[in-house]
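Written out below as structure tokens is the structure these notes cover.
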């Protein structure tokens, strides 16, 4: 409702600004007796953090997470878990030149008109830096989903601007700075990024994320559909402009005889649905595509207006990501985990004692 | 949370099944003193109802709405508004042959495993018929948005299967059974539908919906973003598999210098953002695309399993829509209205007394 | 949030006005596979309905409940359950003389100023008649609590005005019109009510309600405490002005050595806590007292103002309850049931897999 | 839902344990442009903090609050406000002797059975220390309520055990350690507390809290009644066992002609309602009584059981409050403020444009 809490039963409340003293979140509703320490969370933050390659912002921020509450002798207690990440590199002078103007494609303008005030330092509240606490919370969710349900989540980049990136080898995802699931064509991506950075412009990206190991039956009809909640979660990530489940926009041109996944005793024969029917999981892999727009802070001069309502030209200097999509894979994974844990808990609330005598078929083709 | 309530401040709780005694909804939180009668709602229901052309299900259902509460002497009182639609055409025998099996692409299978029980008559709770109460609630929201804020909402079909339908003339939308915003090519659409119906198969569609007249500032950062809530609303509609805001998936290939909408004293110079920046409205038109999958109930035989876990073949007879997208335009319009009224009220709650001294620029290019 | 929905996981949305076409509620989140028919609900409504003795309003209303959705072949499906009660006796002329004035002690005045409009017929939305749908929803909750957890709930009147009514024999509760748990002193209560009715005045009452059979562990620390939710539920009933859990206001004068319930292997040695510690159930009986104010609609003339802001005298004629507390026992029972089912479901969501090796002690002294 | 968030529009999420690294809260939804610094919050924390007299726990904790987010250049931005209070005095050895047993009247037992784990250090999550973040959040709410609406809130102790404390002079509240609104009888209270402390026992208390300056019309019918939300807020405070609004339990014995507050052009002639009719504010003073039980941690030996399920004797040593009610006045004030700001915002959401032509009468007798 008030905008900073995600989830209903596993609730994550996010706080902080890019250049304030700290960012973080409070997780309320985490089940008790989950083994948890900073070491479970830090690796996920490290995957997202800036400064890891020449293609992302050179802001130097270790993003060290501290657990302030909710864990006793290495286990969650059921009490809220506060995760704190101190901001250490707050060179707000970098942003001095944009305080008086509104960047095209940036939330500057809308924040100003909504609140009558904005924290302009590094984008303030609208900074992609605020995804870090979600990655941290997602790490807690992933641990629980993995240990209790055997669910795993993985994502990769499938397009960098107009360069399509095939999914060929998931083991390669961490061997390149792009989260590409292939060893082929990485040089071309590096070259494209170098040229882009030199030009002062930015570019969009497309990501793919999937979850495996789900049971049949998570989700809800009508408004808390699993796919609707995924769309909400993904579209809520900075810079996301489109979301697809399964066949997505390809479904427009499909026939029903092509789109409807046949069931056999060996499992589903295809996965056009993306693992969701009627808002409820089928047991197949969940499949999601996400479109990410190009960064709005670029060096190319653009027309805009200033706080006095006068015409102005905006050029952004300082540290920026020429493609925000590059660091977004850990974020889409985390958000998917947060949707799933909430639905896992909701399912237990309503249907803990449901017994189905017809066994579910195997998942079949992912 | 429990799946049948949409919205936070203007809350719509939906109830009913396709072949039960009635469907309907309760709207809680509607502002008082809005003039309202059934005559404000019925026309929207009539646009969505079945039987209006040969291309949609021939179920004969008048969908007459009755206001049971919340209105006194023609005005809303602030109390909950119950809208009731009696089901009159409940030929459940049409569905007799599918009670024992699971239709490929249909929620039969997931409902069964989630709840251990399902109402199979006409799809029960998973029927698209349950969008009717949302169209009714949306009519109330649209009236308030129009009268208090001058906001108008309109939608159309932009693709029927592989046939692209250009937006050429909004005044044509109600002159053809497809909600096409053009007078051209309707014959081809009719022919395509006739061939499709004869083949026993179904096809997907793409819809476009927009809202005009929004102020700058509705929405919220992080999780109750206007665009995230729109994605949630749209993906929650039966059969929707993809949602785009503004440039959508085109943003993947755009440069920042192309995507970021420049601001001038005459307004924005483009609308790649689709009217939302940082989750908050820019004052430009809101622009949304929606992908709708082909109907799962088709006459073409498909492989499946039955309630005893045995292999089976499924063919669906009886009344069905070969393209559920055809009747979906009033639904996407209604859901957009429901998102907007909620954000209008939320904005008043938090920011009722914000004064911004820099005037907003004109909306510019929609 | 918007005021007409109670509960988070077992959500009851109430609608209707005293003299509109119908009142009712939608229950969302009810677990599936619960056997349910109107016959499970009607008896509870009959206990609350008017016209059952000369001491309550003579409005003649059968309060017949109809299940409109959510039940298939006699079992709940997990889909929302709409319960409808048509208003049949709408003699709004009875209230004609109060449309222009504000009754002292009545919500007339506050509704008028909040909404700028009110439905004055029979109290409109503020009528105690709106507790009927809660009694109906409570019947569903009680059935589930009884069948799944062996929980029983019972209430009685413990004071009618200044007449204290001892709890001596629970089997007598339904043998008198007052829900008194005793066979003694009923004549005196009858006489007191007759005198009161003749005087044209009204009187308050105190009720007691308890739940037995709870497990240890339902509830939550801090804000969703079981006792806080009970206080919320009870204070939300029309005319309630005070709520006590366990020792209640007696705890003010108690010593810690008296109030703290000792634990032994035979169970708790007392129940000052009323069955809740730290917001979580102890396994003992839940014990709640509720204070109900005298009816505001009385024949005794009172000073007030009218809609034109002029001084006026108000006398209420027509059908009224001289003690609203008389019919309130089924209501407090129902609200307690609604709190408990919500916490039962919440507990499953978060703690479904908690194993405690130290066994709980027996409940001991209720 | 998950227990640690209070409020719907002005949402306060509380985190921390008594002896963990820190406690605090995140306020989401605070209106923008409110001037705010630590200096606005610290005085309220100082009123509640331990060690201020010999009658309260001698734990030495400065309770210094740090604003981590949501404030820019001295003003709130509309973004979430994280308030952090580091725990500095964590002498958990004081509690070593109670780790293995369950204190009578304490949440030890219920936490253990709910979660299968508990943080026993200083009561962990169930410690009254967790009210400090609520006092801090309440300070923000009070500032806004005062500046925007001229609302003031004040509370006092009206009974310490069996000693009644009259309200005679509000200016005396801070001149004694008991928050007594009188200069008379303080010596007797001091003596009673000294004797109590020597005895190793504890005692209950009754508090009164009121709010002045409310407009007519805040609140909502049915379930989000202003008084129901107050009851919820108060009963959620540690150790509270009873709540009254206005006449409270006295209403049981009142006649309608006594209880119903007459209206005249000079205002209400009495305030039996406590400022709420039908769940909505009347414009009169809000009046609330709260019963607080005696501290459960006492030196007097009590029977209990231990973690192995064996009989045990419990005596609590270390620092404790012999009457938790003594420090609770700032807490009840804070919780009342949090209820009011939420309703203020909710009222704007639904009724921002209501115009009432009949002017409200003056508040009249508080």
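So that you can tell them apart, the chains are marked A, B, C and D in the order they are listed, and the count of residues begins at 1 in each.
Throughout what follows, contacts are C-beta pairs under 8 Å (C-beta built on N, C-alpha and C of every residue); 3 or more make two chains touch, one makes a residue touch a chain.
According to UniProt, the chain labels map to these proteins: A, B, C, D = Chorismate synthase.
From a predicted model like this one, the values you see are computed outputs, not experimental measurements.
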Have a look at B-D versus C-D and report the one with more C-beta pairs in contact.
C-D
Taking each chain's centre as the mean of its CA atoms, which one is most distant from subunit D?
B
The distance between the C-alpha centres of subunit A and subunit D, rounded to whole Å, is 39
Subunit B and subunit D: spacing of chain centres that average the CA atoms, whole Å
45
With centres defined as the mean C-alpha position, give me the subunit C-subunit D separation in Å.
26
Residues of subunit D touching 2+ other chains?
1-5, 8-9, 14, 29, 32-33, 78-79, 114-116, 125, 221, 346, 350-351, 354
Considering only the defined contacts, which subunit C positions touch subunit D in the complex?
1-6, 8-9, 14, 102-107, 109-116, 125-126, 130, 159, 161-162, 201-206, 216-225, 227-236, 238, 241-265, 269, 272-274, 276-282, 291-298, 300, 302-305, 307-311, 346-347, 350-351, 354-356, 358-361
As the complex stands, subunit D meets subunit A at residues 1-5, 8-11, 13-17, 20-24, 26, 28-29, 32-33, 66, 68-70, 72, 75, 77-82, 114-119, 124-125
If we count contacts the way the header does, which residues on subunit A are in touch with subunit C in the complex?
1, 9, 29, 31-33, 78-79, 148, 221, 345-346, 348-354
